[in-house]
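Naming follows writing order (A, B, C, D and E), and every chain is counted from residue 1.
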């Protein structure tokens, strides 16, 4: 990955994988409403993909400086294996952890690169993932931790 | 006791029927006198009232207890506060509420200030009725200074709606006492002037002495109260005889005359204005400046007053003013009757006193009885 | 001068008094029968010192089919008041006149005739207009007279008014389908 | 005639040289006094449109009218007072009674026009020249036409209440109830907020009139769990009570209880006089909680044959197994349930649908089904070590206590959570002699538990630790103990303007050892018994999303209660049941519901 | 659209006993025609506006604020206003608040006796829409049904300052030639009479008391 184009393609590919992951999972689970929820996640990832595509066409990505809140909701949760017996709490945890992993990946890539432009781009992508994570964290905070 | 004067035969051509009022400058307010005259002497008089009848007693039967508080002050236009106080007092008595002491002091001041204002307007009327318009100009202006005080204290010039059952509606404004004293000083100076130009005026004296004499034996049959009665020599004053509010806490004198003619009645009222100023100065000195001024009421939107009846009276400028309240335990009054002194003074008494006087003196005579038509017919 | 209680003891021998109620130290109410009433008032005036007729009025107890006249008398020496009640038949209200006892009684009776339709035979000028002129309805102070309906019919109101009840409005807008008529 | 009388009047000529009385330009020079009762101003933002001004106006000078762009919402009727200056007498009683204190008078007093129809305006909304006047009449702070303070209810002292499970709140005496009911201004704004839309002003009026029987009838029009709700309702109505704008809201819940407490159970049938004719149709209800039983009541009143399937041995659902008896004595709950059963509702206890009876049987044998099974599976913390045997759920403890068993929590207990279940678990643990610490992620004011419960648990000695996020559970040295690791949280503001969210501060961690950790962070539902029907029923976040009248994608299945609403409280369940009953009736009658 | 008054025929005076009907005029009121030369009419209007003579008929409680208005402190005389004791000399009729049915009859009589040009100003809330006495059995609710009104001053009581403002407004209206109440009365005479007779039940006076 040496060019901006390549990095973006990589990122777009990742979003597609995520979307596929959720779609597959949705096929597996036995609860229709959960299926719907996962399909919703998948649609969300496709939306991200769309966004990156437009970045490729020249639109501005999230600035690396902009601080995305980290609620740290997922940090101490036990990791969940995606199985057909998922419930919605599990599904959210899965999603949060996936986004967290993506964030880590881009941050690491940024740290290992010297080209300022590339660095900037990776950081921007990391921010983008942080935003997605925040979305799920907020859902978790609102829905799951309502009484806590 | 009521008998028409000598039989009057209008067709004889000797007599003339003359309507004075309701549209007439020589009438205190909107009422009318049906005079039968022989030359310029009145031989018979019949009063007609009801031009201002609004049916208050009926209106009050379909308003809640708090709503009535807004309407009562309109019964006697130039003297609303007596209505406010008496209505508050009857409701308080039947519902077992006692207004705080501070409110009682403020009420006392309010009533006395109103008395002074009302007397000032009357004084102007007396002057005007006997051709002394200067006095009218002065006294009405000084009354306006009193209305300024009311405006400051209550928020309105004429219809104050300040004395609410349970207390009063607000504390006195900052610096009010000093301004009140200034107004009182001004009125006192004015009264000195009036005494010189009216009461020592040969025209006034000549015309009023011996006009419209109320003798002692007329007092009971005609139910005469207030200054009209005191001028006849009775030292009767509700404030002294059945003290209410703070009247037994302050020093003042009951003014009496000897023979109640128009001059004497005016003189008694002039002296009562001085007494009023004396009372108000004491009240200003002694009035508490802290503490509650209202006793909490039950929720006024559905306030039910227990079944009962009572009558409370107060001394207003014209005499005994009273409220008779009958309740039946509901949110509405069963019956309220307003006993105003004008009722007896302006009808039965006026009809008797007008006989034998000169047409030109009818206006002065009416003014000297100090009656308010809106209070007669309510 | 007799104290109110002593006075009542004495008068109670001669008159049928009922519903005696001491409202305050200086105010009591009692009821006397209609035939005895005027004589009773005269006795109070002439013998007991209750010389001042403060006012005279009427209370409408429509549910009992009666009027209750109230005469309020005042004693200037003791500063005591007595409210004398007399029950009248509401449908055929008539009472003896007191215009011979107090001159202003005539005025009060004239007013009561106009406002309640009570007859006082012998009272001068009883049927003259007092406050009203050209009145063509039942006497207005009677409880069955509906002034709101009358005022609306005779005098009308300026158009352009109309109010919405908060609770009703909120119900209509916020939860229309939850209202199936069992709620009010 | 004396010489003095002739000369004396001339004395006043000296006044000719004094300042004249005349005011040069009175209109400009004399504004109204600071307290002048001039024309009306209304602070539209603060006004809630309760209409008290209209109610007190003796001249009928005020109309409550719709205002462009203002929709009704909870706590605000969306109406605003419109004044008729052909009627107003400026008594300012409307200002005195104004519950929001938004109405006031300016000191402006001049309005002259040739058009008699012009004197109408909506104060504060229509642009009037006096809207900016800062002077004018306001209600004095020490003058009230309404009682702003609530009548307190007698309660057991914390010491007494800790001794056992006796009901803490003693209920209003008749005198207290009358005084409290007297405070109501009958605006009815609470009715919209109440999930069941109970006719609150009407039954408060019944209390005022000591008409307990009439009051009970009113309660049963919308709520057959009145004895219960009179004790444990979340009383959202009180949040929007206009008396709360300047003081404390009316104790609507306690007044409901006051009515129900005064009518003995034996008299219910005679007073409510619920008569009906059987219509031959059959409805099955799953779950005998407040939702299910309410639906049963209203359906039965319409003549339906109703069968309720309940897994537990007694009815009431969470009300029985989740609410301790010091808040809701069992006999009070029974009073409500027994009356519904007395109408001929068949309740099959100890019958779990899907286990003891197949769901398909319900589907086959009934014209409609109402499902209100509630949320009975406790949510997991999903942190390390949660499977430790000394970690139990709050529901388990409450269930044990409700069934008369010792929960066995030991001497030191930590409760995680801030809802009513957490508070109840904490208070129950106090009652069996434990020291209790409550760990809650957010601030005290964010706690979803009733303020009363929070207050009482504090009074009973529960130690509340807010902004504490549990991160790990570990074995303790003693196998009968457990260690919890938790970190302090900072509240950060929410970007979208919602409530602040807690963020763990990793540098401020704590470790504590307890005998028991009670996890009470919420519950989820279990719908597996419904089989393939489930596929056609919309869900989100583990809850059903019913359509109009609680109907689901399967047209004969209706859902309600905690499994189908976001508030998850008894009163919402009652309304869901009632509403489903309306829907089922429409569905099964000519009125039609597709 | 001015109805031809003479075409409507003479007044019947039916409220009077038959033997008295001949004693009173049966003529209808006539319209005021402005001067043909506009400048003259303008000048005359200016003159009229600056000598407003009030009829001193205290018809309601609003009359209580006329005392201050006409005395030293407010001194409305300086604006060309003064009170007159008789309708014949007056040009402005101040309706002092509520009008009871009994007074309304006298108001109509006084108004019709006033010489044109004449103006009616209503004080307070009661003539507008019933005000305090909206439900009273003896006061009218909308004064403009009975007499043409040129100006309304709201308030209870309207203060003397507002009365002054009202006077200034009336002056303005007169100078602009818009104070045409008297003509409206003539044009809609039958309508006004019908309204008047609807509430005044003993109409023992001629139909037009000029």
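Here, a contact is a pair of C-beta atoms (placed from the backbone, for glycine too) under 8 Å apart; a residue touches a chain by one contact, two chains touch by 3 or more.
Please read all numbers here as calculations on a predicted model, not as lab measurements.
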**Q.** Touching subunit A and also subunit E, the following chains
**A.** D
Q) In terms of CA centroid distance, which chain is the most far removed from subunit C? A) A
Q | Comparison of A-D and C-E by number of C-beta pairs in contact, larger one | A | A-D
Q | Most remote chain, CA-based centroid, reference being subunit E | A | A
Q.
Comparing chain centres built from Cα atoms against the global Cα centre, which chain wins on proximity?
A. D
**Q.** Distance between the centres, which are taken as Cα means, of subunit E and subunit B, whole angstrom
**A.** 31
Q: Please work out the Cα centroid separation of subunit C and subunit D, and write it as a whole number of Å.
A: 48
Q) Which whole number of Å gives the spacing of the CA centres of subunit A and subunit B? A) 87
Q | Length of the line joining the C-alpha centres of subunit A and subunit C, rounded to whole Å | A | 85
**Q.** Residue list for subunit A, restricted to those that touch at least two other chains
**A.** none
Q) Which subunit C residues sit where two or more other chains touch them? A) 131-133, 140, 145, 147-148, 158
Q | Overlap residues in subunit E, where contacts from two or more other chains coincide | A | 72-73, 102, 128-130, 132, 134-139, 142, 156, 159
**Q.** All pairs of touching chains, each written as two labels joined by a dash
**A.** A-D, B-C, B-D, B-E, C-D, C-E, D-E
Q.
Applying the document's contact rule, which stretches of subunit D touch subunit C when the two form their complex?
A. 49-51, 54, 62-66, 71-73, 77-79, 84, 86, 116-117, 120, 187-189, 191-192, 197, 199, 201-202, 221-222, 548-549, 575, 579, 582
Q. Inside the complex, what are the residues of subunit D that reach subunit E?
A. 20-23, 26-27, 30, 59-60, 84-90, 109-116, 119
Q) subunit D touches which residues of subunit B in the complex? A) 63-64, 66-71, 134, 137-138, 141, 148, 151-156, 159, 161, 167, 169-171, 173, 193, 196-198, 200-202, 205-206, 292-294, 296-302
Q: Over in the complex, which subunit E residues touch subunit B? Could you list them?
A: 55-61, 63-65, 67-68, 71-73, 85, 87, 98, 100, 102-103, 106, 110, 132-133, 135-139, 156-157, 159
Q | Residues of subunit B defined as touching subunit E within the complex | A | 22-25, 29-30, 50-55, 58-59, 62, 71, 74, 77-78, 121, 124, 136-138, 140-141, 143-144, 147, 156-159, 374
